[in-house]
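Which chain is which? They are A, B and C, in the order written, and residues in each are numbered from 1.
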Amino acid sequence: MDTGWIRNGYIQRTQGRITILLILAVLLLLLTGVAATLGSYPIGVIEVYQTILAGPGADTEAGTIVWDYRLPRILMGILTGAALGLAGAVMQGILRNPLASPFTLGIASAASFGASLAIILGAGVVGGGYLIAANAFLFTLIAAALVYGLAQVRGITPETMIMAGIAIMYLFSALTSFLQYIGTSEDVHAVVFWMFGSLGRSTWETVTVAFFIFILTFPVFIFYARSINALSAGDETATSLGVSVEKVRMLGMGGAALLTAGVICFTGTIGFIGLVAPHITRMIIGGDNRFLLPGTALMGAIILLGADSLGRTIMAPMILPVGIMTAFLGVPFFIYLFLRRRRDYW
Amino acid sequence: MRWFVSLLLLLLLVVPASALGSVGDSRILLAEGILGELKGDGPGMAALQDAATWYPAYPRAVIDSAGVMTTLYRPADRIIVMNSDAADAISVLGIDDRVVGVGDVIPTRPLQFPTMTGVQSIGKYNEPDIEAIMALRPDLLISYVLWPDAEKLDRHLPDRIGIVKLDFYKADAFRDELSTLAHITGTSDAATEYIEWYDGIQTLVNERISRVPDDERARVFIDYGSGRTTGRRTMAEGTGLHDIVTAAGGINVAAGYVTGYADVENEWVIKERPDLVLIWSPKGGYVPGEEDLFREARDDLMTMPGFGNIPAIRDDEVYVISSAFGFGSSSPVAVLRVAMLLYPDEFADIDFNEVHQEYFSRFTQSDEEIRTLGTFYYPER
Amino acid sequence: MVAITVNNLKFSYQSTQILHDLTFAIRSGELICLVGPNGSGKTTLIRCIDRILRPSGSILLDQRDIRDMGQREIAEKIGYVPQTGSKIAAATVFDVVMMGRTPHMGWRSQEHDLSHVEEAIRLLGIEDLVDREYNELSGGQQQRVLIARAVAQDPKLLLLDEPTNSLDIHHQLEALSIIRHLSHTTGITVIMAVHDLTIAARYADRLMMLKGGKIVGVGTPEELITEERIREVYHVESRIFHDPDVGIVVTPLRPVAGIL
């Protein structure tokens, strides 16, 4: 019997999804082009592209501005958005929870604590300009390890991981509060500003580090995309389909923590991208992680770059940190989710 | 007795109170005190008798920077200074020997306040130890206007302690606040001496900079380290160094663009092409050996990508000013220093070190060498 | 296609022993139904065989201990249809059935993967549901999709935990016929936990009756289903009819109290 037509719907959807990915990539490219022309130093649009094409060596003032200030910021925005979006999608997949985000494991609190330690007490693992970043990175990983350790006690299920994450969040939150209490008002101010999350401190060095971490983790996630798909049908079913549930969950959590740490240690804790980007992407591309993961990376990059560009222009000369812009994003998004419950995305 | 009182009542109706500064005739104040005592709300018979018998110039009242009137019935000889700015003013007036209690920051500055380092500490400027204060039995206490707030201070202290709130860190108010403090402590001569010197320098600067045509005014960028969220942090209207720059005849490039403390993008600084950059540093001052920090701050700024073409960096016109220098009683010297950096030709005949040394000798209790030991500005021209 | 040999299988959960020392053998290509009252351990046994739970004792697939096999290798051989399907986010029926190919598929789906999926869909008669959202289907439709998923897995052993619970009579008979047909034509070994004794009797080659985590009896329906056995295991008085076309029909009469 001819069954070849049964697959047609699937094939069409797959092609559609690939097209969407391409469209998102193009959108990102366009947005990058626009973002490069924004800034207080007046450079014409054509000249901006000329400097980009001319490469980093050029000795012109416009070249320095574009290559030393604008491009690192834009690239960091792309990497951060992609990393947070990707980590969020992975967390939502392995925890089977639509409200999961990269910060569900208490990561935001831990990173803030690391930064506070550096800013208020000057204590940390690496001296000099990278004190804050190294601390934030380290404590993010410590938090992930603690969550893993705690969850191990009762088995690595979504419930235990979320509960452990909440416990860790409170722990570091309390420690941060204590540091703020003993700190000077100047230092506390600095910590608060760090927690807003901003792209303004981006340099080629930070971009490179973030890029390497992203390049290391992204392929791993894509490789395990099908396994994460299987997880969405339940732990039992996934096991019966040959997926090593604990291993995938651990890898997912560890990878998400690493990915997140690699960017927020430089930018500060930028919220909502990890929560919102996967949902928006899922609405247009569906729940198959083979497409959802790369799609969310692109979408996260677009949202973050867009938010930062907006934050730089909307109240010029005041530069609104991108973390504040994305926080505002969360509001209409959740209202929308709340009101529109037609299709059951979860 | 009743007759005398009624007569004075009539006089009281006629005498208006004045704003910040010395208030009322001491006899009228004495009468008010007596009236208050009759009502049950006075300073106590002992204080009144002291004022009437021993201190003809007392009682004295002042209205402080918080708008509150304080009356003292005898010259204060047990004074508590809660912060370094008040200690600075006390040093200028030369009455540091009357200080019995100090805020905890003062012992950390032995070079600036050598005569006050052994004095009892009463805790933080904004969270004082009330019991320690009361144990010292002061008659006058000087604190900032905003800190500590009344809940933490005034509420707990008895009325016989005069609490006077004077900031002493705002350049435009220093002069008047010093007069106020001088009046209530009976040291108006010392205040006059300082004010004459203060005005003298101000006049000198104004005179010289008026010779510079408007279109040749120096354009200055004030740097306060890297920005909180991006770029550099600058200071505009409402901040100390901005006022100094303006008083020295310079133009703050950030004025009109931002106010107060604000972050600005690096590329904006490049675009503005300032002639001179002043870096404001919270370090240095009366602490010796912090020159390296100043050098670092300067190098950090000058090596920012793209800054090489800015006239200020290109011509090596980048200077670091310590906040210990810019605030308080030395602020006219800071203004002079900055004016000489901005317009060296107009001040070619002035020996700055001489002026600086004069300040130290006449208005501080510091040792002679402090001028060379401390880091007030960098680099020397 | 595989024979299952189980020796001294024991399983405890938290301090309660659920399975007590089970030993049995299932021949290749057999369709065996697990029967027994609630809590007898049917579901637990099935989960142990698929290594979702880790018991003590040995389970051999064709002489190979499953403990020596990786999870994926087990999944290539054993298909599992759970009792209740949980919600699956944003997936069409095709997606769900294709999930069954997970142990075989790499990142990209090959031609033969898609063929298996289509075959399974056709077999279970759910072609018209192919592009519908899984979550929007009725319980019965979902259960058929889950069976299709297990079939798409191309297993040698099929484990089903009460697969016809939510199905109406028509679809119940249909699904069970498909399963039996599958077993007879392809030689897949089937272990199916079933509630209804009549159905078990009708479709099974052999029955295994469990009570309280122990095997009460293994044998053909004729051997195993007697009124005494039913009274003993289910505490129910029953009448057993033998219909020439249908086979054994079990009719419960009334519960019996007081017998331990």
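By definition in this document, contacts are C-beta pairs under 8 Å (C-beta built on N, C-alpha and C of every residue); 3 or more make two chains touch, one makes a residue touch a chain.
What you see is a predicted model; the values in this text were computed from it and never measured.
When chain pairs are compared by their number of contacting C-beta pairs, A-C comes first. Central chain (C-alpha centroid nearest the global protein C-alpha centroid): A. Ranked by how far their CA centres sit from the centre of chain B, the chains are topped by C.
Measuring from the averaged C-alpha position of chain B to that of chain C gives a distance of 87 Å. A straight line joining the Cα centres of chain A and chain B is 48 Å long. Distance from the chain A centre to the chain C centre is 43 Å, each centre being the mean of its Cα atoms. The multi-chain contact residues of chain C, meaning those touching 2 or more other chains, do not exist; every residue touches at most one other chain. Against chain A, the residues of chain B that register as touching in their complex are 226-231, 257-258, 262-268, 270-271, 305-306, 309. Chain C contributes residues 47, 50-52, 71-76, 78-80, 82, 85-92, 94-96, 98-100, 102-103, 105, 107, 114-115, 117-119, 121-122, 127, 130-131, 133, 135-136, 153 to its touches with chain A in the complex.
Contact residues on chain A toward chain B in their complex (touch as defined above): 39-42, 61, 64-65, 68-70, 189-190, 193, 196, 198-201, 317-319, 321. Taken together, the chain A residues at the contact with chain C in this complex read 1, 3-4, 6-7, 9-10, 13, 96, 222-223, 225-227, 229-230, 232-234, 236-237, 239-244, 282, 286-288, 290, 343-346.
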